[in-house]
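Worksheet for the structure shown next.
Going by the order they are written in, the chains are A, B, C, D and E; count residues from 1 in each one.
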Amino acid sequence: MVSPVLLIAVPLGLAFAMPLIALISRRLPRFVPLVACAFNLIVAIRLIPTVLSAPVIQRIGGFSPPFCINLFAGPVGVMFAGLIALAGLVIAIYALSYIRTGPTVRYHMLYMLLLVGATGVVLTGDVFNLFVFFEVLCISSYALVAYFGDRNGLEAAAKYLIQGAVGSALLLMGIGLLYGLFGTLNMADIASRIGSVSDISVFVPLALIVSGLGVEAAIFPLNAWLPDAHSSAPSSISAILSGIAIEVGLYAVVRMIFTVFGATSIFMFLLFLGVLTVLMGELCAFAQTNIKRMLAYSSIGQIGLIVFAFAMASTISLAGGLFQLLTHTLSKALLFLAAGYMIHRSGSMEISSLNGMGRRMPLTSLAFSFGAFSIVGLPPFIGFPSKFLIVRSALEKQQTLFTLLLGFVLLGTLVEGAYFFRVVQAIYFKKSGDEPASRSLAPALPLISMLILAVLIIFVGIYPQPVADALSTAASDLLDRAAYIGSVLR
Amino acid sequence: MRVFLSLLALAVIALGIAMTLTDIPFGKPKADIATHYVENGREDTGAVNIITSVVLGYRGFDTLGEVAVLFVAAMGLGAVLATGTRTPKANGWEPASLVLYTGCRFLFPLIVLFGAYIFIHGHLTPGGGFQGGAIIASAFLLTYLGCRGRRVHEAWSSAVESLGGLTFVVLGLAGLTAAGHYFLSAFLPAGTLGQLFSGGIIPLIYIAIGLKVGSELAGVIDRLVEESQ
Amino acid sequence: MSFLEDYAYYFGAFGLIFIGLLIMLVKHNLIKVIIGLSILDTGVNLFLISVGYISNGTAPIFCRDDMDPSRMVDPVPQALVLTAIVIGVAVLAMALAIAVRLYQRYGTLDLRKIKELRW
Amino acid sequence: MIVLVSLLVLLMLCSALAALIFKDLLNAVIASCVVSLLASILFYFLHAPDVAMAEASIGAALVTAIFIIAIRRTRRHEE
Amino acid sequence: MMVELLLIVAFGGSLLTYVLGKLSSRLRNGFALLNALALVIMIGMLYGQEFERSLPFGFLGIQFSIRMNMLSWFFAATILGIGLLAVLYSFRYMKGKERLDYYYFTLLFINASMLGTVVAGDLLSFFIFWEMMSWSTYLLISLRGGGKAIFAGIKYIIMSLVGSLAMLVAIVSLYTAFGTVDIGELAVHMQSASLGLALLVVILFSITFVIINALWPFHTWLPDAHAEAVSPFSAILSAVLVRKGLYGLFLLMYVILGFSFLDRLAVGAISFSNVLAWIGAITIVFAAFRALLQNDSKRILAWSTVGQGGYMVLGVSVATSMGMAGGTFHILNHCIYIALLFFVAGAIEHRTGGIRDLDSLGGLIKKMPVAFVGGLVGIFGLIGLPLTNGFVSKWLIYKSLILEGRPFLAFAAFLGTWGTILYGYKFIHNIFLGQLPDELRDVKRVPFTMAVPIMVLVVLVFLFGVLPGIPLSVVNQVGTYMGFEPLDLNVWGIPSESGTLNVVNLLAAIAVAGFLVWLLFKTLGRSTRVDQSDNYAAGAAIPRGRYGFTREFYAPLYRIVSPYVKDFPDALFLWIADRTKALGGMTRKIYSGYVGSYVMYIVLFLAALVFVQLTWSPW
């Protein structure tokens, strides 16, 4: 049985080996991320069947759990690792031909370390280890946002760094307080001792950790960095940030709230926060003229929708939230990749410059509209089953409050439909400006990656059953706190 | 208005944390996990310095992450500064006097030796890979300040960095495949307590980390300095 | 006296944290904000170590065989702080690199002027 | 002993406030270096020699060096 | 097995058309026609069958099922019939234009998804086909590009999104309440449903169906969509797609809830059917007078579709067997003559090089006789002259209104018909009568492949007008399926104690009148051709060139009526869209660009969390 620690160790080893490979030959390092992501994908797929029945606890260093760092490879963790590997693979293929200028070897190293950080956060069972891998994820995304070195990129990276650093400092303070209170860092151990302390002194570390992780998870007041970072980063990086980084941050917040603190009383607050994030994200996106900035704001909206789903804390709502998360990863990555080459072709990021792109780049525009349709949640695409699950879980609560909040969230999706269709219209039905519509397809590699994402979106959209079952077991794993503690501390 | 608002917010947070601190009395006896580490730290990992046994033995994965963070910082710095424009010739950088020049050249090997001593004896005396590496980096810093023009060789520093990281991961994987099939498990003999050759894989890792941190921080300073000449 | 005994280190640690946060909130110069960040990190590290202190304990290193383990200070926070300091350095180095390049692009480090990406 | 500790703590907080107030960035960096050194001494009093060394060598020496190099390449006075 | 085959052929056909289109356009056209023909034949074979079967695969634990009965057969037949004619028509009409593969694919895809909605056995597959229909329609409305087409497309997709979101909430609340979405089981469960749930479901469903059926408050998307869509598609859009709303209403009112249940929902006078009737009435009057001033041939027809929709709802909401039959039959009739009129308008637009403005057309009777016959017969059907199918269904609706004692509704219907006559005449007169402008000298006749659908529809108008018994027998079966006792009727008309409709007497009367007129004309001598200047214009100078009195045809009438017929729902929706954009512009100011305030947000968020815990500690 392959051990989950390989998911982190092998890509990290390859990342460390990259400078040596670069010394050997200039062209080889570009393919190392592909190898690492493919390896991770295979390991994750092989792990999923065993993990669906019982989580795999991997002890690092050979000591019994509370005294060592253990990797908790539950259904959620391994599914996330698979998703990270899949999106990483697709975007690495895209980046092969998209990233030409600048220190490309360092780009690929940072890209791989970003994926290692994400996989680490998702698999670890130790609070401080979560902080360390979270830092690997954050610092590599600061550097990658500033990769092009233009005015916008550097400004966005500086702002993202300062906010991220404040977030990490708060997170570290929270972990310090937790250690002070309970004397242990293992998540399951903390979870088992959480009751032994008064209410206020449990809440302050929770508040610190939630706001620390919330900065990366782009919850409403803390996500001021996201529009700048995702719109001025290179498109492959915006895709990986929107597709993976914020989802991993959100997973960390949810894991801390559900499993470690078991703070069931904070859900009502999260519910309102989620709805607020949806409305904020969608309204701001509606007023945008820059295509990538619009996609960034729509990511905020989608994250709000996922937080709304998680905050309802029933198995169906968690499954819906995870499904929506999968939808957002695949379709937002596809949108950013397609937008990347459209901007490359049309020269500017303004939506008006995308007019008539349907003729000039037919396949990329088709990919873009697939992504747009699936994010809005139209039937044959992956967005529909996830929206269906979220609506079902909200209505199953049979309370007028939830129906009202669901109304606001659906209003948000309506506004989202409005601005996405506005762009699809501009691409297909507006005449492009002066020069004749010479048809120039994007180069082969990006088309392959867009094709893979498009096929996935449609296939899971039409036949969502296996994914929905796997996600409902994952949801019950997230919800079932006692099983988590029991399996780790047995 | 801004100062008042931030002071108010900080006061509220301070109040909250003070309420929590009442549950963490200063100097209270250690929890069960820490007593376990202190009591059988020496048998489990063979290191006399319990902090090193915690850093590399019990919580070795943190340090692996830590090494990855430093690696990311070095690469990120290279990526950000590589595309920079050459700043104009830094004025007012007159060459160092002879005394300073020879002093630096004389002190450089000594500091490096001291740094090496620190990380080789990581498991015996206080200090370890990170502190030794920092001292080596400060040796390189001294050469930049003192004698201009002497720069760390780019290829060498990146080779040492990647070799250091690679040995750490390979030792971990070796632990996975060889003994007790756990990542980073101590598969080398623990040797006699308190001696130099004791503590299983801990000294090896600390040497690798020491060299890696040294070359990385030196590389960081080198890239920051290089553009101002 | 006993009040000072208990809360000196906590007061120092959280004092540093709040001064660091105050610098980041109030000041406009990017380098000054990064200095605030470094002070914030030092404060957090000091707090972590002061959590692990045992009154009249000894350093957790067995330089002599007959040291009493029960009087030793908690080693775990020290391991954490070792990692946290190096992470702090990594973030600072990255921040200063970006600040230098930002200065080359914008000609200023006043954050009130670096506001092109908004709305 | 506790009097010495609380004195050091007060000194540390004052130098942190000095870093806040100084207009000249170089003085602010020196103030933050003093904060680091005093923290290193406090670490020593808290029986954490490893961390004291790390704080001294990394926190005081290298961080201050990086700051000074960065200030050298940008602007010295805070506008 | 036949119904699954039907769906597969429909969807597979559309995909295959796109693929074949890449090879050669003739192959694609041939295949599209073949596909449409095959579908019509298959639906023909399915006549009279009644079954419900669950499909092997499901969706998130909900089993799909297929359902075939008289109601769905009736709507499926109209969809495929009009679809066939539209495909045939669009060969020649779309000849010169670009993106034809995309056009044919979307056209057939819309037909297939409409078929899916009608044949769906459970509400979830109904919803899935519904959404696929709405976004593919959106893709086809703005096919021609240009500012107005895009505006029409956006308006349509947002309103249909509102509708489908409302329907999604309704379906899911039904599923959570009863654990099933199958229509048959729901009909049983709904009798025991709580009033609150039933009210919610009824309101949400009727929002969706009022939007797609373009009734009064939510009609604003229809005129723009029709004016901008290509003619074959506007024929489908107005004839069939808009009527999905009525299918939904039938499903909701009669199949799931049953009419007795709806009365329990009633609060005094405000019962579901009353409200629906009044909405229908307002739509009729409002649309009729809005259509008067339109100068664009397609916009007039669009507004007439909105109006006729009101008639159907009026008939259906009276809920007697006669009203029901009238409403259903009116769907079929409207489907025929509105498609005919759109084909005619399309033919004119095609031949005159895209001129749709009524003021610059005229005198085409000599140049395009087939179009004139089609237009005239279409307008007769629209107005409801005897011997046309419109007459029979309007007769049924008026009779049921009077029998039920609903004078105001009847008066609204009459007023609507009066308005229809006015704009019908304007349509015919401005295009065909009057003088031929000189730039239209060399207009050629209607091409053959476009003339065939027109002629087929003309024959249908008269056939159903003269022999109403044939379609009415189908309508009866639809009525009985929904629980109404069938009308007793014979081939020639509907005998009922309070005034039978017998087409034979009508024919006789008209024949006699026609003979008398012919006789009079014969005996009193020839009419003489009069020169243009030999005319009396009340002293004004007679223009040498073309008489332009068709310009602003009803301007004086409109000046009287216009204050009451302002399209304020349209203004309301545009105002809402504008306000959201402004709100978006305002809320994004939060991201002011200054990092200090971003860090301040984080610290304030933390402080707020701690403050709430300290003071109020709700959690």
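The criterion applied here is as follows: a residue touches a chain if its C-beta (ideal position, glycine included) is under 8 Å from a C-beta of that chain, and two chains touch if they have at least 3 such contacts.
Predicted model only: the values in this text are computed from it and were never measured.
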Required minimum of steps from chain C to chain E, each step between chains that touch: 1
Chain D and chain B - chains in contact with each: C
Chain nearest the overall Cα centroid: A
Comparison of C-D and A-C (more C-beta pairs in contact): C-D
Chain whose Cα centroid lies at the greatest distance from that of chain C: E
Chain whose Cα centroid lies at the greatest distance from that of chain D: E
Distance from chain E to chain A - Cα centre to Cα centre, in angstrom: 44
CA centroid of chain A to CA centroid of chain D, Å: 38
Chain centre separation in whole Å, for chain B relative to chain A (CA means): 31
Geometric centre distance via CA averages, chain E-chain D, whole Å: 77
Two or more partner chains touched - positions in chain C: 5, 9, 20-22, 24-28, 33, 50-53, 57, 59-61, 73, 76-78, 80, 82-83, 85-87, 89-91, 93-94, 96, 98-101, 116-117, 119
Residue list for chain B, restricted to those that touch at least two other chains: 2, 6, 10, 13, 16-17, 19, 21, 24, 30-31, 33-34, 37, 49, 51, 59, 62, 65-66, 69, 72-73, 76-77, 80, 83-84, 87, 126, 128, 130, 217, 220, 224, 227
Contacts with two or more other chains, residues of chain A listed in rising order: 128, 132, 135, 139, 142-143, 146, 149, 154, 157-159, 162, 166, 173, 180, 185, 200, 204, 207, 227-228, 287
Every chain pair in contact, whichever chains are involved: A-B, A-C, A-E, B-C, B-D, B-E, C-D, C-E
In the complex, chain B residues that touch chain A: 16-17, 19-24, 30-34, 36-37, 44, 57-62, 64-66, 68-69, 71-73, 75-80, 82-84, 155, 158-159, 161-163, 165-166, 168-170, 172-173, 175-176, 180-186
Of chain A, residues touching chain B in the complex: 3, 5-6, 9, 12-13, 15-20, 22-23, 58-63, 66-69, 102-103, 106-107, 109-110, 113, 116-117, 120, 124, 126, 128-129, 132-133, 135-136, 139-140, 142-144, 146-149, 154, 157, 173, 177, 180-185, 189, 197-198, 200-201, 204-205, 207
Residues of chain E touching chain B in the complex: 596, 600, 603-604, 606-607, 610-611, 613-614
Of chain B, residues touching chain E in the complex: 2, 5-6, 8-10, 12-13, 15-16, 19
List of chain C residues in touch with chain B within their complex: 5-7, 9-10, 14, 18, 21-22, 25-26, 50-55, 57, 59-63, 65, 69-70, 72-76, 78-80, 82-83, 85-87, 89-91, 93-94, 96-98, 100-101, 104
